[in-house]
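What follows is a pair of complexes built around subunit A, which joins subunit B in one and subunit C in the other.
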Partner chain A sequence: MLSFISQRVVKGVIVLLAIVVLNFFLIRLAPGDPAVVMAGEAGASDQVFVKQLREKFGLDKPLPEQLFIYVKGVVTLDLGFSFRQQAPVAKLIGERLPATLLLTLTAFAISLMLGVLFGTFAARFAGTFLDTAITVFALIFYAMPIFWVALMGILLFSVTMDWLPSFGYETVGANLTGLAHAVDVAKHLIMPAMTLGLFFMATYTRMTRASMLEVKRLDFVKTARAKGLSDAVIQRRHVLRNALLPVVTLAGVHSGTLIGGAVITETVFAWPGIGRLMYDALLQRDYNLLLGVFVICSAMVLIFNLITDLVYRLVDPRIEFAS
Partner chain B sequence: MKQFWKSMLRSPSGVIGLVILLLAVSVALFGPMLFPNSPWRMVQRPFLPPFTLSTVPLGTDALGRDVFAGMIFGARVSLLVGLVSTLVALVVGIPIGAMAGYFGGKVDDALMRFTEFFQTIPSFALAIVLVAILQPSIYSIVASIAVVSWPPVARLVRGEVLSLRTREYVQAAVVTGQSNTWIIMREILPNALSPVIVLASLMVATAILLESSLSFLGLGDPNLISWGYMVGAGRTVIRQAWWITVFPGVAILISVLGLNLIGEGLNDALNPRLSREGR
Partner chain C sequence: MPKRVLLGLLLACGLAAPVLAQEPKTGGVINAVIQPEPPGLMLAMVQNGPTQMVSGNIFEGLLRYSPKLEPQPELAESWSVSEDAKTYTFKLRKGVTWHDGKPFTAADVLFSIEMLKQTHARARTNLAQVDKVEAPDDYTVVFTLKQPFGPFLGIFEVGSMPMVPKHLYEGTDWKTNPYNNAPVGTGPFMFKEWQKGSFIRLAKNPNYYEKGKPYLDEIYWQIIPDAAARSVAYETGKVDVLPGGSVENFDVPRLTKLKDTCVTGAGWEFFSPLAWLWLNNRQGPLADKRVRQAVMYAIDRDFAKDVIWNGLGKVATGPSASTIKYYTDDVKKYPYDPAKAKALLKEAGYKGEKIRLLPLAYGETWQRWGEAVKQNLMDVGINIETIATDVAGGNQKIGDWDYDIAFTYLYQYGDPALGVGRNYISSNIAKGQVFNNVEGYSNPEIDKLFADGAVATPDSKRKEIYEKAQKILVEDVPVAWMLELQFPTITRCKVKNLITTGIGVNDGFKDAWLDK
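Right, the complex of A and B next:
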């Protein structure tokens, strides 16, 4: 188990380094002087700042040396300075990270629970009206762009019914504490988390349904039935556990999409996470900040993938950790 | 081929999907002929609600532009970007997958590490960064969508080629001294195509979603009107004018739904064994 984890961590670090290198070349892909590009539109006119950047990144030195300086900076968590926001990029991201984690993890939990639940139901009642209804709903949610779902949610639940707040993380100026504050944040969280979760819920529903139906006709299920096990036990212990494996894999594959969805969701709901930060960086052409967020997003995906790998091993009845 | 159409037309999702796609394609092709004027032009007072004037059936936006005309012209951009970026992704992904599967060993290792690397990077974030750095245009959008969507193609093709490589007819071709390129192109790939076609139809749908999301964030081609751009522009005035955001979103939903249904229909038609038992 430990060697497996360390192996995966090493692999993840290598991939992350490769992403940092990619980042380095991305900046140089932009038309113009990299120092001016990094400074962003606001900083580009400030000659002192551009000169500082040029010195810091050794932009007059040969390319390999520049790459080394850049990678060294990122490894020591120095993601550069955002001229526009007048703060180090790492600090800006650090402040916003908890909100993004809260949003994405809630959305993930909602989508996985509801998706597996609906998928199981659809498979259990395959061919009936319930199955068709679930399948059709999943298909529709799967085809809706996240930003549009978000706006329709606002239109319905904020503008028309006035049930939920349409933007922000908490009620501004309310100065709530303790439980009242938690409830306030939860109210603000519902719509963004549901929006982000719906698309993935649709995916997990489809996946669970297909994979339940596939596992159901395998030999070991017949054996279980022949042994006289009750239907409920077979469904839960034998079918579901095996059917969940592709779902777990999918969750890992989708972690990148989840982060991408968070950029959109946070933008629409003005949720103060790194996705919104990315959008702000985009609007202001603050490339240093943009690329910093990109590296952190990639790191988050890698960590998430590592976790899903571990979960897969825990769920999969065929793999036992010999300890 | 006849058999294929028969089974495609037998699956309800395939038929609905085909109808939707035909509709979308004809709107994209012929629609702009009915609207000779630029969709950027002001035609009526701003915020004209829908269904009030027959000349402007879906109302106008904050600048008095015709929402319906925008949707018609937007169909062009969405479908074009979806198709072209998928084609580019196929052109990149198929050779990589085919080489990895055919040559195996070190080539396979190297190509698959490369593919996995691109699959690990959060795709939408990478697309945003690429378009922002290359400056938004229809070319940078197509390029960045292709960059983030080729890895599944490569992996799929690799798997198919891997299993076909050991077949006797391929071995026979090797024995008769055919070149590797000839074997891959003539013997292997044609037999590996059906799952690729299914994947491609789903990729067009994803590409349309990606393009609309990029445009929504303000990364669309500034000279072309698109559905995502329209929703993004209507976002700030959603409290006064719901129709500006609702209608283009419905257009995206329907086209993506249509393509996904086609994907299912193709899957039924091309892999009949899987689908019969799956549903």
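Right, the complex of A and C next:
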């Protein structure tokens, strides 16, 4: 297993470097120049100023040299300097990453738990009213855009009922500590996490339901029934476990992309995560910062893929690690 | 008590009450919205709008300006101008300290000017006429100009020329100086905390030189990236101040109807944002003056003001906003007249060639304005194609002159020499950059008028020159002027004296207080 992991890590690093190089060129293909953006914001754009900014950004150097400097930095774990924000990229990402992880992991846990639970019920009671209700419920959240669910949530739970805060990570100026602070953050977390989680929940519900219905028809389930096992045991130990593999695959893919999906949620709820950092960096053509966020997101996808492969083995002992 | 005395007392109380009610109260916290999150707070290094809004509380300039743009003392308590209008002497306030306790002196002014010449594009342009700056003593600064420069007294507000602490910046690498992230100024509020993506906290400067000020204990600048969420934050009572431009225009009428809500369009007199359409004078149908004039007649600017901007602002008459010096409305008029537009297009021989329109990617309001203008232009037979882009992409297209019509708005900074001429003089045609003369208009007469206007004395001479320039430009229509914008500042009515100068919210909250 160790050799499997080490092999995957080496491959992962190579993939990551390829992503870095690709992104480096991709970003520069987009129209817009960071020096002109900054000069424009300063309300003045004389040639000297734009030239000065280009030199400061290192944008006056030939492209291969810029790439070499950047890749050299990434290899030595230096993600560069955001001249726009006047701070090292790693520091900027470090400040925002915990909030994003809290949001996405909570959303992920909610979506997976509720999704598998609802999917199981729907499959167990296939064709009944409960099945239809769950399917429709899931479909609604799958079909509605995240920003719309977010705005409706704010209207209902913040403006009308005044139950939950509409924005932010914590109550600003309250200076809470310990448990009170944790409760405060949790209150702020509910709406963004549910908004993001419900979308993915819908996918898991449908996937679990479909997969379970398929497994149910297989011969080993008939055998289990013939053995006289109770329905609950059959559902839990035989059907669900076998039906989970596609769900795990999907979850593995989602876990990496959740960070990207968090951009909208973070924007609507003013959640101070890296999704928004990425969005702002994109608008302002803050190349180093944008590349830095991409590197972190790519690394996350690779890590979660590795975890997914390990979880396969737990779910299905028949799967072996090929080294 | 005789009735008359009672009546007198009641009257006296009644008259006195408003006066008493206006007595500032000390204490309290204001939550304001800042949008977008500033990239940094070191005003000498970063000059975008949000930075100015937050840092106008931390830093100060030598002067501030009244709504009529008259200079008022700030770090300079008095000033005098020599008879030849080439020497300006500023007397600095004594007893002013930086937030770290060190005294503010003329040495800081000299250092700031040297630094700003390298880091602040607008300050460098403004200081181009300065021959030398000297400090004969700790509290006197003397500027000697190469030649008289009319708008010189107008370049000293905090955003245009912030004072920087010499003892913290001299001999350091400015761009990585740690004080960029924890700025130290002389202003009424001190920087305390910045939770990136959440809020910026400023606290009262207890040693502020104006005794009793500031009145507020703290200001929280809340960072809320979504416009709808900012409206909700105000509605649910989480923020008290929505500075101009914080919410979409279509939310403004709803928010201003809320209980205890006050709204003002004041505080933009110094900046005087003027919106217009860049018209590419170089190529295609728009190279013909008659087509450009047709564009002016074709657009219903009153509709834009009344519907898209909720009645705020004013229809522009030409290159100068009515709030800045030497404005005249004695120019050719372009009322909404589609028939005249059609006639001009016919006369110019316009055959329906495609014209590309770049709206401004600053949110819904600008998007809608783009749609309205497109409709107007298509109504008179102009074949418009809208090009969708983000701000950076749009800037590149405009800078590369790869457009036909493009929305913009620019500040005018109180004087035509500072904020008007730059868009029309031919020496400002430079490919690859925006906000200069990107329309490619070139007229030697206009070049000469703006060159003369900046250095002419006395004032009456400048007036004459700029009035002439306005007349010529309005006839030539190098760009299509739309509106003098007013961004409404929405506050709870308990927030008093928030806007006291022509610089508005960008001038800091030193006069503001809460009527609790």
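We adopt the following convention: the second predicted complex is superposed on the first by the 273 of 323 C-alpha atoms of A that agree within 3 Å, B and C clash if a C-alpha of one lies under 4 Å from a C-alpha of the other, contacts with A are read in each partner's own complex, and residues count from 1 in each chain.
Following the convention adopted for this analysis, contacts are C-beta pairs under 8 Å (C-beta built on N, C-alpha and C of every residue); 3 or more make two chains touch, one makes a residue touch a chain.
Values in this document were obtained by computation on a predicted structure and should not be read as measured data.
Judged by the touch definition given at the top, the superposed model places A:297 against subunit B, while subunit C stays out of reach. In the superposition on chain A, contact of A:273 is made with subunit C only, not with subunit B. Touch criterion met: A:142 reaches subunit B, while subunit C stays clear of it. In the superposed model, A:154 lies in contact with both subunit B and subunit C.
Once chain A of one complex is fitted onto chain A of the other, the partner contacts of A:194 are absent, as it touches neither subunit B nor subunit C. Once the two complexes are overlaid on the shared chain, A:285 sits against subunit B and subunit C alike.
In the superposition on chain A, A:29 makes contact with subunit B only, while subunit C stays out of contact range. In the overlay built on the shared chain, the residue A:305 is in contact with subunit B alone; subunit C does not reach it. By the touch criterion defined above, A:126 lies against subunit B but remains apart from subunit C after alignment on the C-alpha atoms of chain A.
Under the contact criterion defined above, the residues of subunit A that touch both subunit B in one complex and subunit C in the other are 30-31, 37, 151, 154-155, 159, 267-268, 279, 283, 285.
Subunit A contributes residues 30-34, 36-50, 52, 56, 83-87, 92, 95-96, 99, 151, 154-155, 158-159, 162, 165-170, 172-173, 267-273, 276-277, 279-280, 283-285 to its touches with subunit C in the complex. Within the complex formed with subunit B, the residues of subunit A that make contact are 15, 18-19, 22, 26-27, 29-31, 37, 126-127, 139-140, 142-148, 151-152, 154-155, 159, 210, 213-214, 217, 253, 255-257, 259-261, 263-264, 267-268, 278-279, 282-283, 285, 287, 290-291, 293-294, 297-298, 301-302, 305. Against subunit A, in their complex, subunit C makes its touches with residues 29, 31, 36-37, 39-40, 42, 45-49, 118, 120-122, 124-125, 175-176, 180-181, 195-199, 201, 218, 220, 222-226, 228-229, 232-233, 235-236, 238, 389-393, 395-397, 399, 410-411, 430, 432-436.
Residues of subunit B touching subunit A in their complex: 117, 119-130, 132-135, 205, 209, 212-213, 216-219, 228, 231-232, 235, 238-239, 242, 245-246, 249, 252-254, 256-257, 260-261, 277-279.
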